[in-house]
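By letter and in written order, the chains are A, B, C and D; residue numbering begins at 1 in each of them.
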Amino acid sequence: MELASFMEIALKYKVIFFDSYGVLRNHKGVFSGVSDMLKTLNSHDITYYVLTNDASRSPQQLADKFHQYDVFEITSKKIISSGMLARDYIDNKVSKGTVVYLGTENSAHYIESAGLKTVPIRDVDLDKVSDYTALVLLDDEGFDWNTDISKTLNLLRKQNMPVIVANTDVTYPVSKQDVNVAIGALADMLESLARKTFIRFGKPDSQMFSFAYNHAIRKAKISKRDILMVGDTLKTDIIGGNKFGLDTCLVLSGNIQPQNAELLINSTGIIPDFICDSVMT
Amino acid sequence: MELASFMEIALKYKVIFFDSYGVLRNHKGVFSGVSDMLKTLNSHDITYYVLTNDASRSPQQLADKFHQYDVFEITSKKIISSGMLARDYIDNKVSKGTVVYLGTENSAHYIESAGLKTVPIRDVDLDKVSDYTALVLLDDEGFDWNTDISKTLNLLRKQNMPVIVANTDVTYPVSKQDVNVAIGALADMLESLARKTFIRFGKPDSQMFSFAYNHAIRKAKISKRDILMVGDTLKTDIIGGNKFGLDTCLVLSGNIQPQNAELLINSTGIIPDFICDSVMT
Amino acid sequence: MELASFMEIALKYKVIFFDSYGVLRNHKGVFSGVSDMLKTLNSHDITYYVLTNDASRSPQQLADKFHQYDVFEITSKKIISSGMLARDYIDNKVSKGTVVYLGTENSAHYIESAGLKTVPIRDVDLDKVSDYTALVLLDDEGFDWNTDISKTLNLLRKQNMPVIVANTDVTYPVSKQDVNVAIGALADMLESLARKTFIRFGKPDSQMFSFAYNHAIRKAKISKRDILMVGDTLKTDIIGGNKFGLDTCLVLSGNIQPQNAELLINSTGIIPDFICDSVMT
Amino acid sequence: MELASFMEIALKYKVIFFDSYGVLRNHKGVFSGVSDMLKTLNSHDITYYVLTNDASRSPQQLADKFHQYDVFEITSKKIISSGMLARDYIDNKVSKGTVVYLGTENSAHYIESAGLKTVPIRDVDLDKVSDYTALVLLDDEGFDWNTDISKTLNLLRKQNMPVIVANTDVTYPVSKQDVNVAIGALADMLESLARKTFIRFGKPDSQMFSFAYNHAIRKAKISKRDILMVGDTLKTDIIGGNKFGLDTCLVLSGNIQPQNAELLINSTGIIPDFICDSVMT
């Protein structure tokens, strides 16, 4: 397995799609060197976007997390989140009634749309379900799992409605060692128990890449061959990028340890075009 | 679909295996008529056992739930629970260390065994995991889902140990309309997240039937042809009984509405030998 | 459940996406009335495309199947097939070597690309696997299942390469009663046996809708709200259309019997915006 | 990881359950030294049985495969096969009609039972399905996959009947490098396509161990603690033995390479009590 210099690769493209966690930052904060790397891209007229499976914050709030570390190259316009796709879906497909959500109040605020109300699962009245027109799973925080998971299941048994999963990640890291179970895992369990088909947004699904691609082509005349997808996870970033027809670059600064990379690529059959230590190389 | 009289069928057998919930009782209590039905079986020298996927109570506690309704025909010796299989496993296969559990203190008390300690997941120290020798999933109550599900996952990431699921049911009814998510569903989610192979006890697994069968043949000279399995659920009671080589009787007093029975039998391919309205017919 | 007139609905949109099988045709041929229906759309300046999970024929060959029934409104430019996505993937992501295929020679001919050779699985030499750069599953015909399914598995065990599933359907009808097992089902089996992640094209995946959408917006200034997806299958056409943000119309001329429609919509949670008997209403 | 001497371990038990393939033999034949090992067990009054997921041959035919290599210690009475469980099921649960099978004529001959006819899938008349009372999946040979897999699916769509999978293995080795897809994999595919619940016999299912255990206790007064299960596969032999309450010994002469054993044990959570190079140590 040969490691390449990220910047040498990047300079061959016109647009870079970055995953966020494990690529630009981790649980300790934004990687040092990210700001300089993005400045170099800017100086070569290379555009970039951050594609993140996050539906708990607005693009502005996601950008603010970079600004805290003095990385001002990432503005809210650079953010493509799975929450934006959930919001788009609700805009296009849910025209009336009340949208039930699992997540924090903040996450719900973002998906609110003209003419719709949102209500947290705890305030749902199971005896009057006919006004609820959609259920959105946004975040693992903001509700009581002991009671509200069963309540969600009973809501779905009583009223047929589209269920939108705005973040498909099943865990997320909280320290070097430990993870938390994420809303994507609860969604899988609820879908299996309710025997319904949920609608999922977020990498590796191609709708995320399509959304980002449509943003990119509005700014510049490019084709898929001009885009590099950079990620630390084979099962979301790399397979998703590959399938959408993009070149892909695996970085070893997150999920995958350098000594395991080759084994994982061989055992999954998910093959990146390039492998780099990190985006600062 | 022809409905038979339960008693007419039962009298052709020497041993009856009853599922509990939906067959002998529901969320309101034990069905009236159960005591008389069991007395009739007794008067014809027909033995019976109650096979239940329950690991939250001891056999004595499970029998007490019948005694509250003046059904004294069901004693603790008549109870075969999945918790007994979990206890057996720990007896046979876990010889030292501390067994971590998810469930109530009461459920843990029952599986305690000579030479072993038990500890609830909330008291586990993730920095000192080497003494934990098994994990047992007993009940959906007794722990904080928001924190302890992730903690369980992190324990499994740090220390390799057998995981025993002592109740495979994924939901249980709490009223005519509503269900609660059960420990079996949390087990499925954790197994998928940890990518480990858990050990499951309870119907439809044949070990439950084998355990009951071995109890029965100790009391009387019988073969599998002398046993009737009675249940309200195709996917546990009926398929499990069929596979073990028993005759099976579906009753319509629980999970399955009479008007759906034929459709469900055809769509699942799980075919009972008999169908009755209830065990009081 | 209220049935609407298809034409009344269609006239509110600028673009119609049709599924083919069960909507415009079945095993006996193209439905009579399809030509007139399309002429009416033409006369109202409503554009249409046929979105089909078929990778066994080129767009021209797929259009010819309509011409045989004197439906000349469907030209090759109206066809969007999952085979076109597979071809696109190979164009973008496979630059050298030999592409192995399961399917007919005709299906392989279509995906051939400059600089690449194709080889049927039967001609693969398992002792010299390094030149094979991708595997494409195109069609259930054209190979010997008894020998070539195992041979495919052994190829994947020996050489890591992307696997493209160009048709995800698991069965297809061959008469009013009977179905054939399709390449999508063999793909699922092989993926599970090889423990690799395959790349799938075709409805309900959003890349199919995105591909069609990009065709449509090149011809006219439209948004997603101007498009109606029409299909006979909840799990491909309707959920796929819904997720992509399109309005959807279920027709009852194919997979779903009128008397089962409501039950299926409730049990799957896949809710079309409209239901019509057929596109000729 | 510490390797133990097999014989030192074995001498602590009264009964040994051996897996066959990878433990006593491989594609080249029976391992040299097996006969001596079994003679040593005999001389210490240690009983043994061979537990094999094979439904293509009778116990006598399976024993003959050992006799060809002059290992006469394994007689037909020492064989416990998943085919015997399938035969038992048919004996207990199918009392009339015709049993359809996938497999060789030889495999069908063995499951034939008084009062029942068997018919290969190719001779099934899909226009007269009412006489078919069960379907048994026995072997991957003896039928045309291109036509008969779809024919099986259409049979299950037309007539509701129990489906028995007499060998759950999904692949089997045919050389040092290559495998064949086995009937267990076809069963999984058909079950998923037909959406029925099939009945599976064979390790790791506990019914196989229970069947062997009941054979063993008829010959000698033993308990589960007196039995050692020896196998080369974590997902069948070891997890099955563990769950049934037996001590388990993993040997590295088959499926698992010595350098991968520890990784596999940690990643699956399936923990044998002992690890040996082979049964000849």
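Keep in mind that, in the parts below, a residue touches a chain if its C-beta (ideal position, glycine included) is under 8 Å from a C-beta of that chain, and two chains touch if they have at least 3 such contacts.
This one's a predicted model, so the numbers in the text were calculated from it and none came from an experiment.
Looking at the partners of subunit B and subunit C together, the chains they share are A, D.
Although subunit A and subunit B carry the same sequence, what matters here is overlap: shared residue numbers make up over half of all numbers found at their interface. Chain centres here are means of the Cα atoms, and by that rule the chain farthest away from subunit D is A. Annotation: 28 Å between the Cα-based centres of subunit B and subunit D.
A separation of 40 Å divides the Cα centre of subunit A from that of subunit B.
The centroid of the Cα atoms in subunit A and the matching centroid in subunit D are 45 Å apart.
Chain contacts: subunit A has no residue touching two or more partner chains.
Pairs of chains meeting the touch criterion are A-B, A-C, B-D, C-D. Chain contact summary for the complex, subunit A toward subunit B: residues 126, 144-146, 149-150, 153-154, 157-158, 170-171, 177-181, 185-186, 188-189, 192-193.
Of all the residues in subunit B, the ones that touch subunit D in their complex are 88-89, 92-93, 156, 160-163, 194-199, 205-207, 210, 224-225, 234-235, 239, 242-246, 265-271.
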